[in-house]
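For reference, the structure I am asking about is given below.
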Amino acid sequence: MDNIYITRREHFNAAHKLWQDKWSDEKNEAVFGRCSNKNWHGHNYDLFVTVKGIPQEETGFVIDLKLLSQIIKEKVIDHLDHRNLNLDVPFMKDIMASTENVAIKIWQQIDGPIREAGGELVKIKLQETENNYVEYFGGREPF
Amino acid sequence: MDNIYITRREHFNAAHKLWQDKWSDEKNEAVFGRCSNKNWHGHNYDLFVTVKGIPQEETGFVIDLKLLSQIIKEKVIDHLDHRNLNLDVPFMKDIMASTENVAIKIWQQIDGPIREAGGELVKIKLQETENNYVEYFGGREPF
Amino acid sequence: MDNIYITRREHFNAAHKLWQDKWSDEKNEAVFGRCSNKNWHGHNYDLFVTVKGIPQEETGFVIDLKLLSQIIKEKVIDHLDHRNLNLDVPFMKDIMASTENVAIKIWQQIDGPIREAGGELVKIKLQETENNYVEYFGGREPF
Amino acid sequence: MDNIYITRREHFNAAHKLWQDKWSDEKNEAVFGRCSNKNWHGHNYDLFVTVKGIPQEETGFVIDLKLLSQIIKEKVIDHLDHRNLNLDVPFMKDIMASTENVAIKIWQQIDGPIREAGGELVKIKLQETENNYVEYFGGREPF
Amino acid sequence: MDNIYITRREHFNAAHKLWQDKWSDEKNEAVFGRCSNKNWHGHNYDLFVTVKGIPQEETGFVIDLKLLSQIIKEKVIDHLDHRNLNLDVPFMKDIMASTENVAIKIWQQIDGPIREAGGELVKIKLQETENNYVEYFGGREPF
Amino acid sequence: MDNIYITRREHFNAAHKLWQDKWSDEKNEAVFGRCSNKNWHGHNYDLFVTVKGIPQEETGFVIDLKLLSQIIKEKVIDHLDHRNLNLDVPFMKDIMASTENVAIKIWQQIDGPIREAGGELVKIKLQETENNYVEYFGGREPF
């Protein structure tokens, strides 16, 4: 029996800014441009979570998507949706709220719970705008 | 010669919250739910601006889209993009930052400049998420 | 104060077929083609519901989108989602399950409840595939 | 019985340039910018055709979409798809190939045939890029 | 000369249900939820087929997309479009009609014909709704 | 610290045709069909450029997206946008303007400059229409 990859999309709308505390205002603006606006800005984030596995014979499922969706909601969406990524999220504390870092932190939130549910998390894709997104494979480098 | 309608799309990413100062915290949360998060949240807004007119014979244009785009950028995008709609925008001062009100205020910012450029603004569409948007026709009620 | 239009999108996935009982099999296939497949086919339907009104001063809302969404879910989505439009839906009984007719029936389901909630339903858009959709304005003909 | 609006989407991929023969090269470039490139450029055009009518009782259809699609293909797509709008299309001869003018010409190509088929053409929407589109209502001005 | 990957998208609209015959009605509903509706539901499926190869010098093609499209239509779309995946499709007989299993069966239908046409099938992506899709690499595990 | 992948989307609108000079007109039409139209056709191309790297501690960035965007614009978009891929682009000279070949040539244009900017180009995705796209990994074969 072969492995197959299943992906679930969820959303969250959040505020953030890119700001390095140890830098001057001028350097923050020089490096981060408009993203350093002191009063924040925000995005509609699209989160794609991919799980790998062999479809179970009785269900045809790699993983029950209702269960996967519930894990993502409890561990990620409830913490990030309609929140400020810099101020409101314990697991983002003291970390630059770049798309890259948010994706890595999302992985850490759901990797264990998905494994406990019998799945194997293999990819996080986080889309910040229609013009940019990041992908994280848990450290693996498929290409 | 017949009238035709041309639409230009622009974007802005902004933070906001829905919050009525004269209400208690409890009432704000009861009415606005997660949108009342004190530390803000945000969106990727898609703005569609529609201008009506008769195509000019020499150009085939209702209005030069480069000029229309420039007006929208100067009067709207430069003020809203990577900003906080409640704190950073003079023309949004003391107004609830609902999608409805933002659309009306955008109309007021560009109606005059588009008329000076020889066009007639007839519609603002403002999309806040893939699941909701508003349309404003300057008070007209086409349906 | 001006009227503004707000639209909420909801989804449902349903099975249906186009089949006229009083016709022969041959005529059904001649008129409806593959859509007459006896064992059904199905679609991911996107439903857009538009309400018109004046934004309330204290909230900036034409209508509370959570309330609008709840009405659509109770009156429409709960009846159509993961259902067979020909067999499972009392309000579609004895009616050809064309996109046109489904849109009209959806209007009849939510027009009253939206009015009771203080809104005015002005448009239903029902998208069946990325290549076709219908719009219904409650009998009005804006164009 | 009420009127309802049904829309069919079709595509064409075409080359064109914006070029006014009676102007100098410099003026063409000043007015049309990169769109005046002498060796052409091109687009994936999305064409949306809207027909109004009362659903027929036996079919639930305003118009048979297969028939509408066939009319659009014969009268428009076969002439514009994988063509040069300035050079290859008799009904675009001596007309500036702006999106506005292409939309008007498409209307003229299909208005009669749709009427012969029992439908009433009420709107052409022609999308040139994800950032701009035009709408033409046959001279009517719904807003 | 380097390998490159080319992908063709096709569609089909189909009815199905998730139902395990050897289970009680109650267990089916507990496991599959609304997807177990006895009278079926359905989807607009988007199918993406990826072929790997070295572009031919004379054509610049990995594979002729018209030929690839024809193979997919003959071997897959003609069998699944406007069909019931549980009842109408010989190659889906006795198999749970989960997205995972449909993707694997599609691979088996076109892998041989694509190889005979000089191409190498390397990926099937099957999108069931805008919120979930599966990917199958013929048993390979790129990540 | 783990590698992560970041992708930037850019656009260009271009004319081209598929035409093999050493073949007869008849053979060109037989092989390339409508794509061989002598007076060209065109597309809205979507270009996705993926860079791999470890997020920098101070910025959280794999690469500054403004810098990546600037490289793509200078090396690719300025040369291809509103151009004829067969006639106007030195780096496409004497090469069949298939999507495959355009993607490979884009890689060659930006691989060095991205490396000089501290990034590692790992993937080009070039989407020609909503129904077809190619992916190039610089010769690597991840699946």
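The letters A, B, C, D, E and F name the chains in turn, as written, and every chain counts its residues from 1.
Criterion: a residue touches a chain if its C-beta (ideal position, glycine included) is under 8 Å from a C-beta of that chain, and two chains touch if they have at least 3 such contacts.
None of the values given here were measured: they were computed from a predicted structure.
Student: Show me the overlap between the contact partners of chain A and those of chain C.
Tutor: Where chain A and chain C share a partner, that partner set is B, E.
Student: Average the CA atoms of each chain to get its centre, and name the chain whose centre is farthest from that of chain A.
Tutor: Centroid comparison gives D as the farthest chain from chain A.
Student: Could you classify the chain C-chain D contact as same or different, where same means more than half of all interface residue numbers appear on both copies?
Tutor: Different residues, largely: of all residue numbers at this interface, under half are found in both copies.
Student: When the centre of a chain is set as the mean of its C-alpha atoms, what distance in Å lies between chain A and chain F?
Tutor: 28
Student: Need the CA-centroid distance for the pair chain D / chain E, whole Å please.
Tutor: Here the centre of chain E sits 34 Å away from the centre of chain D.
Student: How many angstrom between the C-alpha centroids of chain E and chain B?
Tutor: Centre-to-centre distance between chain B and chain E: 41 Å.
Student: Send over the residues of chain C in touch with two or more other chains.
Tutor: If we look for residues of chain C contacting two or more partner chains, we find 130, 137, 142-143.
Student: Hey, which chains are touching each other here?
Tutor: Inter-chain contacts occur between A-B, A-E, A-F, B-C, B-D, C-D, C-E, D-F, E-F.
Student: Which residues, counting only chain A, touch chain F once they are in their complex?
Tutor: Those in contact with chain F are residues 18, 20, 23, 31-33, 95-101, 103-104, 130-139, 141-143.
Student: Can you list the residues on chain B that touch chain A in the complex?
Tutor: Touch residues, chain B against chain A: 11, 13-16, 34-35, 37, 39-44, 81-84, 87-88, 129-130.
Student: Quick one: which bits of chain B touch chain D in the complex? Just the residue numbers, please.
Tutor: Answer in residue numbers: 2-10, 50, 52, 55, 58-62, 64-66, 122-123, 137, 140, 142-143.
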